[in-house]
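Each remark here refers to the structure printed beneath this line.
Chains here go by letter, A, B and C, matching the order in which they are written, and residues are numbered from 1 within each.
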């Protein structure tokens, strides 16, 4: 019977299926490394476009420590991003002040208190909140928050750090909530049971056991929120008032790094100093968010190992 | 004994307080959004009708409809999907079915995480540098969709990988034991059982892609075009950018128009998202093994 | 019966990293016999089966050393290892009904091999299900999901699927764990008939099952093959190693 199948002649042979399998393996491998190619590609291409500025006009001290961003000045253009960094930092900082307590509170409620249908419904709601596009948030800042702030605080303009900070906080909170909730859920139930067996009350369990055990994951959630706020473009473009300014109060208008690129790139000539300077800001943004994401990942993975 | 009861009562009060506090925070997170949505409906609902959706803007965009923007968003999303879905599914298949556990795979995972974290405006810069200029696509649907596709790639990879890994290992082993190649196993057993999970990811991607603005601003979307795009090498209007334009760039804009555009955009996005969630819930309830 | 053994194994060793699962196993399996393998848990029985159809390919941690010759040809020489696996059917301890219809479960192997003819597939499905003693129970619902059959039915479905490959060698790994006694008896009857056409390796945790079915039996213990002999000798006390007698008589394991 086996002889009839002429085994010997087939041992060394490969068939169509074998070659298809190999081909697929190569194709999906290319898919797999595409993420690496793109990350490297992003860095290479924005560096390529910004290189001329970096090589010639770029002055480290002026770039990072001058508050004067005057790229269109005929006589003496200056490229200082200090005020833009201050704008980004103030808005992101305020956003975190809004988002951290609410998202942690919501995560604790969803993970530790809510049950069954309520829990599912809340999770779906949080997911839907996270889906609202940033341009819609920007529009809300512009059309709803702006008059509201003017009326409430009796200030001349409502497009301020306060406005963008709240908008950005509301934007970042859902994402931070779901990551923080994951971190809380990852704390094994036996920790809770052990503490409850020792007579700890629910809130003692949460504050003394669950939160400390989940602290890395929570920190990761905060970092990702910071990264999100830092990189957000449309909402801060529309809600900050777009004034180059180092803010002294939340009622000051500012301008963010991302918004500067979005607002000015369309008006620059390819290859001009101004154009290249905008790409240089892009390189700076890329590196900062890369570091934020990297540390968030390392911190979160640290939890899983422990 | 008496003390213990008193303590218990105190604890119960404290716990109730905490519970209410955290509950309140959750509600506070949701309430503003509900207010916002209501405002959009109240102020924008009146302009949204059949003509608004299916007519071109007139009078410097202060009148007429949003059809070219709506159509442009469909173009951008479809072309982006055509690029990112095959690539993302391939990447997920590699990571789930082929990738060994080593440093190289960890680098890939790290790249995916970072790709998701790069600011959208940086993606836009990349799109300009790579697709518009280097590859010479110009400002076009193709360049904008490529930028969107790369930006949303992590979403599709993660969703696909999760649904692939939900298929039990024993099924693969059974198939291999019958002499199936890896690919035959993936095609006949793994993918058919993961396809609906992948679909949830794709719908989610549609939702994300249609709302993105910054990545398309300089790569292919225009403020206003008198003609509809004829091919992927043309520029297009887009719903998300249109919202930006009518709310910031056009003088004497009737107030209801931007509200109407925002309402349409948010409905589109939330509809897609709800669809994806509903599909997921349905799949979870269905038992196949 | 041909003189050459179906399977020749020489000095086989299997490692997972530092852990030695099997060491220095040499044995022959003859054409058209039921070759029983008995032994307690962790004796290396399952790893042994996995090495035979080269499933180590899918587990980078699994390292196989020594020689395995199938029909006189070293298995590692097969350029298309899938072709080799197609000739070796496997049944697992836990039944695995694939999440497709009963019909598609059994038609999968022929389809993988390129059979498209509907009549031919129909015939194969019916023949294999009949042989696995499942046809009567499922013939009216061939389009229901294989993964939702009862445990006993799924195990017979797994056997039908293994048979649909038209294998030269059938390996069963403790198939009766998830099956009720009645079904076990029916499957045992099937195996006795099958032996006329295929060579069978039967790994079992039930010593009496080996006695009922196997022509020859090997006793594995802690990664070693302690003894190989005619099954009857195992039960009449004619064994070389006292550990074999102890195991067969139920003193450990």
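What to note about this one:
Assume a contact is a pair of C-beta atoms (placed from the backbone, for glycine too) under 8 Å apart; a residue touches a chain by one contact, two chains touch by 3 or more.
Note that the structure is a prediction, hence the values are computed from the model and not measured.
The chain closest to the protein's centre is B, with centres computed as averages of CA atoms. Relative to subunit A, the chain whose mean Cα position lies farthest away is C. A separation of 53 Å divides the Cα centre of subunit A from that of subunit C. Rounded to whole angstrom, the centroid-to-centroid distance between subunit B and subunit C, based on C-alpha atoms, equals 48 Å. One inter-chain figure worth recording: subunit A and subunit B are separated by 15 Å, centre to centre, where each centre is the mean of the chain's CA atoms.
The multi-chain contact residues of subunit C, meaning those touching 2 or more other chains, are 82-83, 87, 112. Contacts with at least two other chains are made by residues 181, 184 of subunit B. Among the residues of subunit A, those in touch with two or more other chains are 17-18, 21.
Within the complex formed with subunit B, the subunit C residues making contact are 53, 55, 58, 60, 82-87, 89-90, 92, 94, 96-100, 108-109, 112-113, 145, 147-148, 158, 161-162, 165.
Note for the complex: subunit B touches subunit C at residues 100, 170-171, 173-181, 184, 188-189, 192-193, 287-289.
Partner subunit A is touched in their complex by these residues of subunit C: 6, 31, 71, 73, 77-80, 82-83, 87, 112, 168, 197. By the touch rule above, subunit A contacts subunit C in their complex via residues 1-2, 5, 7-8, 10-15, 17-18, 21. The residues of subunit A lying in touch with subunit B in their complex are 17-18, 20-21, 24-25, 27-36, 38-39, 41-42, 45-46, 48-49, 101-103, 105-106, 108-110, 112-113, 122, 124-129, 131-136, 138-140, 142-144, 170, 173-174, 177, 201-203, 206, 224, 227, 230-234, 238, 258, 261-262, 265-266, 270, 278-279, 282, 285-286, 289-290, 292-294, 297.
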